[in-house]
Amino acid sequence: MPDHIVTAFTDELEHLSANLLRMGGLAESMIMDASRAVATFDLELARDVIKRDRSIDELEVEAERAIIRLIALRHPMAGDLRAVLGAMKLAGDIERIGDLCKNIAKRCLELNGDENRAAVKGIERMSRAVSHQLQMALDCYLRQDIEAAKTVLDMDDDIDDHYTSLFRETLTYMMEDPRQIGSNTHLIFMAKNLERIGDHATNIAKAVYYMVTGEATTGAKVESRLSGDEGEQR
Amino acid sequence: MLETFGHLPVAWLLFAVLAAAAFMAFYVGRTQAVGIARGYTSQLNSQPNYHGYFVAMATIAPAAIILFLYILFGESLVRAQIAGELPERIRALGDLELAQYIDRISEHATRRDALATGNALFDAASDRYTDLVGLSRIAAILLAVLAAAGGFFFGRSRLSGDFRARARVEDGIKFLLFLCAAIAVLTTIGIVASLLFEALRFFSRVNVFSFLFGTEWNAQTGADFGAIPLFFGTFLIAFLAMLVAAPIGLFSAIYLSEYASPRVRSIVKPILELLAGIPTVVYGFFALQFVAPIVRASATWINGLPFIPDGFLAAQPTSALAAGLVMGIMIIPFVSSLSDDVINAVPQTLRDGAYAMGATKSETVKQVVMPAALPGVIAALLLAVSRAIGETMIVVMAAGQRAQITPDPTADLTTITVQIVALLTGDTEFDSAKTLSAFALGFVLFIVTLIFNLIALRVVKKYREKYE
Amino acid sequence: MDGNMEHFTQTKSSARADTASAPIKVDCQNIDVYYGDKQAIEDISLQIEDRSVTAFIGPSGCGKSTFLRCINRMNDTIESAKVTGKIFMDGANINDPAIDPVLLRSRVGMVFQKPNPFPKSIYDNIAYGPRIHGLASGKAEMDEVVENSLRKAGLWEEVKDRLLAPGTGLSGGQQQRLCIARAIAVSPEVILMDEPCSALDPIATAKIEELIDELRERYCIVIVTHSMQQAARVSQKTAFFHLGKLIEYGDTERIFTNPEHGRTQDYITGRFG
Amino acid sequence: MNSPSEGAANTGSFVTEEALRRLKKRHGAEARFKLYGQLAIGIAIVALVTLLISIFGQASSAFSRHVLSYDLNIEASYVDPERTRDPDTIARNVSGFNLMLQDQLADEFLSEDADRNIQRELYGMFTRLAVLPIARATADSPQTIGSEQTFNVALADDIDLFLKGGVSARKSVAVGVVAAGEGSVEDGITLTLASLDAVEKLRATLTELTRTDVDNAPAVALMKAGNTWYRLEESEGRSLSLTYLAGPRMLPSNGAAIEALVLAQSQENRTVTDRQIAWTEILRAQGRIKSKLNTTLFTNSDSTYPELAGTAAAIVGSLLTMLVTAMLAIPVGIFAAVYLEEFAPKNKLTSLIEVNINNLAAVPSIVFGLLGAAVFINFMGLPRSVPLVGGLVLGLLVLPTVIIASRAALTAVPPSIRTAALGVGASKTQSVFHHVLPLAAPGIMTGAIIGMARALGETAPLLLIGMVAFVAEVPDGPMDESTVLPVLIYKWSTGAERAWEPQTAAAIIVLLVFLVLMNLIAIILRRRFERRW
Amino acid sequence: MPDHIVTAFTDELEHLSANLLRMGGLAESMIMDASRAVATFDLELARDVIKRDRSIDELEVEAERAIIRLIALRHPMAGDLRAVLGAMKLAGDIERIGDLCKNIAKRCLELNGDENRAAVKGIERMSRAVSHQLQMALDCYLRQDIEAAKTVLDMDDDIDDHYTSLFRETLTYMMEDPRQIGSNTHLIFMAKNLERIGDHATNIAKAVYYMVTGEATTGAKVESRLSGDEGEQR
Amino acid sequence: MDGNMEHFTQTKSSARADTASAPIKVDCQNIDVYYGDKQAIEDISLQIEDRSVTAFIGPSGCGKSTFLRCINRMNDTIESAKVTGKIFMDGANINDPAIDPVLLRSRVGMVFQKPNPFPKSIYDNIAYGPRIHGLASGKAEMDEVVENSLRKAGLWEEVKDRLLAPGTGLSGGQQQRLCIARAIAVSPEVILMDEPCSALDPIATAKIEELIDELRERYCIVIVTHSMQQAARVSQKTAFFHLGKLIEYGDTERIFTNPEHGRTQDYITGRFG
């Protein structure tokens, strides 16, 4: 698309999307780091992740302000308006991802280091998948690529499967070793968090789809994902 | 040498000298300013040229004033001097004759090929006059040069980096412009003063009321000065003229501005303007040579019709009708172009508004455009009436000379302007009631047209303000 | 041309899809307008719905005003203008030479860029149209027409005590509403507005917009506007013109959030170079 | 418009019976209204065309003039009796030349014993001053004295008019050949003609030309046989009784062809006598009368004789007057306009000046004449009849016109230009002189020229300051007595002789040419510099 | 505040807020019904709650569309802009509340009816508190009352306490009776969901605060709430 | 009056707080303007920052243009106008009678509502100012000034091949940029713009806005605008005027998202009536 006649408008829009991508990058690294902290029981890293959430929050506040500013002062229309409103959703989602990572890191601090390795491995594997999903979602935001966005939507099914199996596995462990109920509950919550992150990544992809096409992704399927966590009930 | 100065076309020479001085002063001032600025002319308060103009202005203005004063009063000074030098017996002649005597001296002295008349006293005075004129001219020129030099040095001394040369020069220009505007006012004052002055002199001899309400006019004989017949003739002819001009002018204007294609307009408009450009004396000739005989023939024919009493119409060779018709033609362009202006001043948006309501063109014109333009049109008509009343040549040539009151348009009538011309043409003394009566008539004419004009101008102004 | 046609059929169908049920009031088919040798409008077809506001937008010189003036044949008053194509209103082609523009204009009112009340009283301004068309048979009936029109234009309360005061004495916004009342007085079915707010300040503009929104319930309104924002605010349908062609036509909401055509998007978002 | 039936087919609800009825009436009113406008313009144009045609018709004869090409023997005894050979003396000796011309004419055309009335008739064919060019030519080259020279001598205006077809309605009739003749030149001749038909034709023509309504005088016939002219006194059957008028004094021989010139008016009712007509016809038959471009109209000054009167002095007078007018009105008018439009503070005084100027523009011109008479002549003692005073009066007269035109031109310059200049730091004066005035210049110049054109055609005020005086000399400067074209027209138009009429019309055309030129310049200026902001 | 000159604008804004309040009311009833379903093990009710989420989702889609429409066509400024953007947040929050209720109801279907009564009671009590909080938050939206909004913010602490104690309690039950681990995990998730609902109610209050004052509620405290679930780590 | 004063001090301090560090270019203190007997501006004090765009908004007749024209003493050219109060620019009070308004105007450029190029060549349009102020001493220097000014106004590329063509032959938007270039040519420090885009279409308007945004880096720009949206887009500071009073002044973003004063809010949100 050509630039706006008023280049400052283009600049601001670009600045906003750069900010979001920075937030996204941060969130991505937080996912990986949080899962690494769990896997290696690295409490330092966990604390670092907790700290990093603060920057995401700040970036979100900044992005939100920029969005309000853009709407108030530039009156974006058509594609620009969708870009701005999409960015608002994106910022919220990424911020939530940050929160969820922080939550994982915090739960990591509650662990005792001798949890079921298989479950921990599961978390790690799941986090890789989620991180990859997020990365792809951000990538399709960057490239405004709706085909990629559709792929991201499909990826969510895998993550839900991941979560469901992890949930069942962990429940089994808990029953096997009631002493580990506490830490296993945390592991379940972590998995749940990762699953939620996946949902948010999916939301990002959907937002991109909306931004580019001006249409919401088709109803039912998306919605079931929005509600999030049926997988575990299976 | 004095003699040569007495005859030289000094004015031109002086002009050249002053112009040269101005150029020099300009150059000096400009150079000085550039010097002050040391190259950074944008640092000066005013640009160097303005410093130049200032010095030039300071140089010529005093000289010009002196020369102007000399032109005004120089001759009277010389005359006073001559009068003082003339022998006692001539001075004893009395003011009027003395003045006439000096007139003759000055006339003789200023004649280039004047020969001695043989009258020793007169010739001596004449020579003396020439000398005195030369002397006074030298004195004036010297004074002017001195003043110019003084002005020049004063001007130079004022120059500095902060000096607001531009403002001073502009003040000078504004003053000059103001003087020009004042001339227009002086003209009116001149008109009113001269008319009033002479009219008062007339009324000191003839009763105002018998002038304004008298019905007998025999000014040539100096007997009767009752101006009613003149007023009657004037208004009758003006009325006849408006009868022709008002409908034709108005409808032409409407047609041109609302109906005519640009092509037709571009052809017809100049043709109508052509009517306005024809001098009135030509209309007069036309009325006299062409229209008056037709009017007369028609009147004769009507007189010959059965049931028409013999001599029902006067059928004179010159007639009010002939003058009125031709005057009407003359006035058409006034009415049409003034009306055209006011009609065009009605914004197009109003017409669009009416068209968009589903009005036809004529409905738009009659119900929207004309009501909007009405004040302007009325003003145009008033101005046209004023014009008709003041018109001179057509009536002088075609209306006749007889002061009478008759509703018969084929009779010859006279008007105010005709009488003024009749009374003042040729050599006239300014002291007879006959001459003065012309000024009294002029005064009446002035007042009447003034009233019409003032009303019209006021209406037009109001109208303009509405659409601007 | 071809591309445009193709595109056009596409948008027309989509426009129909947008609001399938609305009745069509004005159906313009293949309109061309020439000013002398210059073509100002190129093959525009467009269906305007009844009881809604349709806005024409586009950069200056895009032909939106010219097209508007086709609908009540105001172009007839311009010497050099030539209009071809058909415009059906209730089944009759108004470009038919048998149609008298004078009658047409009584059914298609128009409001102009600059408020142009006649230099008459407020009452006479309104009564003028009904009078020439013989729409009111007596003083009482005329009074009623005047009051109704003023009420509909939301001006009655403001002027009812000075109906005999000159219309030109009102404020700019009031004058424009008077002009709207004047247009309403001849009971038109369609009201055309040519940048009706461009000479007004934001407050007066808002009042006119409010009025347009109210009038929508009774009339088919077509508005040309310079300001996209205004089109967005008042209209249900928007048509985007460019260089004498119709680029896109559809629901206003869609045009401003998700235009189909790249040029519309560029114009609306300020990317037009 | 359209028929309802046709309309009903395809116009739907747009055409109802009621609306159609109303519409028909409305369109009728429309057509009538338009017709009024066309009529008005038609009348105006017809009036203009009539005016121009009548004037051009009148004038056409004045632009050519008939002269007699005459071989004149310049006899020293007449022209330079004292043999001074002094050019001035010769040039002034108009009566000598006149006498010489008369004597030589008499030698050629009259018998020795011709009575004084006949002499007077002959001499009357030329005006006294007709010899003036001859005198000047001779004075310029005195060596021609004593030799025979060919000169073009201007014929008197009545003769000229006769030659141009004026004076009386006339018809030529061929009357056939002479069958027998008797009588003598002195006592009258009776001719018997060969054909009765021809005589009847002559009689019919006479009756035809006799106008019963006006003078009730019968038409007359002049008969020509060879080169001799007779007047028809009576006619009976085939015989005609004639009296001799001019030409060789002999009876027509039998078989000689007779022609008749039938004139509607007898000589009592016209300005040219029968004999003069005969002479003129003889000279014309000899080819000695030529029609020449009437250069005197441009080269001569005013004269009491129409054939010698010219517009030269008036043209120069007009030009001098215009010069003074222009020098007063144009700069002062422009400056005043600039002051009022750009600088004057908006207060009571200024609005008074404004009203005053607008009013001044509408003051009748004759009032300016009164002003001139009272102020310049009576009060300031300036001489009458001089271009300086005329110019001043006309200058004041057109001053408001120039001011108003200039102001209009200045107002037409959009205020945005002024604010633009002020916005970049130009002073008020700079903005006016750098931007506004140059932009307004074409309009101002147009206005000035139109004002000058008005001044050029102005007559009335000049009458009052004595410019109606008779001026025979081309003026040298603004202080010389002079007249101007329109006044000259007025004066000529009041001339008693009929010959003044074409002369006046011709002068009018000269004036109109000047006016057209000025207006053309104005139009070109306007077209050339027309500007849209 | 006076009406807009263009009354349609006021109408649209009012319609939007009415919609939101309807959504809010729905959500409120869903909270109560879900907890009642849990308490009485009323599966019918639970299924009804699940079904009702659909209407909230539909209302949210509608609200979001109205918001985009408002921004695109009306160019809201100042207070109007804040109202519209706030409404956007509100809609999102209420929609999430609906989802969470649905989740509780779904988990209810997974229960077997013989859960620890104390824990179930705790859930019921907590849901009352949360429902009350939401009600207050919606009330302060209706009345644009920032004082009430502040109260809502304070209420969140109680809910967090509720959650923490419930969490610990349930963990204890789990350790006591490993067979109940599955259902207890569901109870924990329910509590967690309720806690999240409380967070969303808080968010609503904050959005109201922003709408009215144009300022975000002061930093640190709010943020800690945003991140949501530290309570349980105590 | 009192209430306003009070309010004003409050907003002034808040405006200062908004951007504490920006240097003040124009400091207006207690400005009153009278047209004849009518008071058009009532006791306005306002500090305008350098290198930024300050917008004046408000309903018609609120005095925003009048106040703008105080800053380069354009009100001096209106007979009946009387201005009291002090306006400091770089420490000097420009309302001091000792200050020559002509010189002041060369330091405070102005751009008007309607593009008003002189009917001269593009080159002469630009060169006029420098010429009367003696800012360029030779042809070469003048060429440079012209080129620089046109470049700064973003017009150079469009007109460099036709510098001798008349300025009036350009399009509306180009004409307005030419006027801006002309103002720039005399190296002003402050540029005043009085509704510079009100006669332009949205595209030309966007271009001018882009230009204003670029010029902000070098000049102190004050713009009066009819359109709130424009003020929002181009300015850093916004002042809201109403009935000749300054109601609120502060950062544009704040004014448009969270105005302090109820009347500002009402105006901005379209509730003024």
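Note that the chains take the letters A, B, C, D, E and F in the order they are written out, and that residue 1 is the start of every chain.
Quick note on the criterion: a contact is a pair of C-beta atoms (placed from the backbone, for glycine too) under 8 Å apart; a residue touches a chain by one contact, two chains touch by 3 or more.
The chain lineup, named per UniProt: A, E = Phosphate-specific transport system accessory protein PhoU; B = Phosphate transport system permease protein; C, F = Phosphate ABC transporter ATP-binding protein; D = Phosphate transport system permease protein PstA.
If you're wondering where the values come from, they're calculated on a predicted model, not measured in any experiment.
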Chains touching both chain A and chain F, listed by label: C, E
Chain whose mean Cα position lies farthest from chain E: D
Pair joined by the larger number of C-beta contacts - C-E, B-F: C-E
Chain separated most widely from chain C, comparing mean CA positions: D
Same-residue or different-residue interface between chain C and chain F, half as cut-off: same
Rounded Å distance between chain B and chain D, as computed from the means of their C-alpha atoms: 27
Centre-to-centre distance between chain E and chain B (centres being mean Cα positions), rounded to whole Å: 94
Chain A and chain D, separation of their C-alpha mean positions in angstrom: 107
Euclidean distance of C-alpha centroids - chain D vs chain F, Å: 67
Residues within chain A bordering two or more other chains: 4-6, 9, 68, 72, 75, 77-78, 81
Set of chain D residues in contact with two or more other chains: 26, 427-428
Residue list for chain F, restricted to those that touch at least two other chains: 102-103, 132-133, 203, 206, 228-229, 232, 256-257, 270, 272-273
Interchain contacts, given as pairs of chains that touch: A-C, A-E, A-F, B-C, B-D, B-F, C-D, C-E, C-F, D-F, E-F
Complex contacts: residues of chain C adjacent to chain B: 72, 74, 77, 79, 101-106, 109-110, 112-114, 116-120, 128-129, 132-133, 168, 179, 182-183, 186
Residue ranges of chain F touching chain E (in the complex, touch as defined): 228-229, 232, 255-259, 264-266, 268-273
Sites on chain B touched by chain F in the complex: 39, 41-42, 44-45, 47-48, 164, 166-167
Residues on chain C engaged by chain E in the complex (per definition of touch): 203, 206-207, 209-210, 213, 229, 232-233, 252-253, 256-257
Chain B contact footprint on chain D (complex, rising order): 26-27, 29-30, 32-34, 36-41, 43-45, 47-48, 50-51, 54-55, 58, 331-336, 338-340, 343-344, 353, 355-360, 362-371, 373-375, 378-379, 384, 396, 399-400, 403, 427-429, 453, 456-460, 463-464, 466, 468-469, 486-487, 489-490, 493-494, 501, 504-505, 508, 511-512, 515, 519, 523
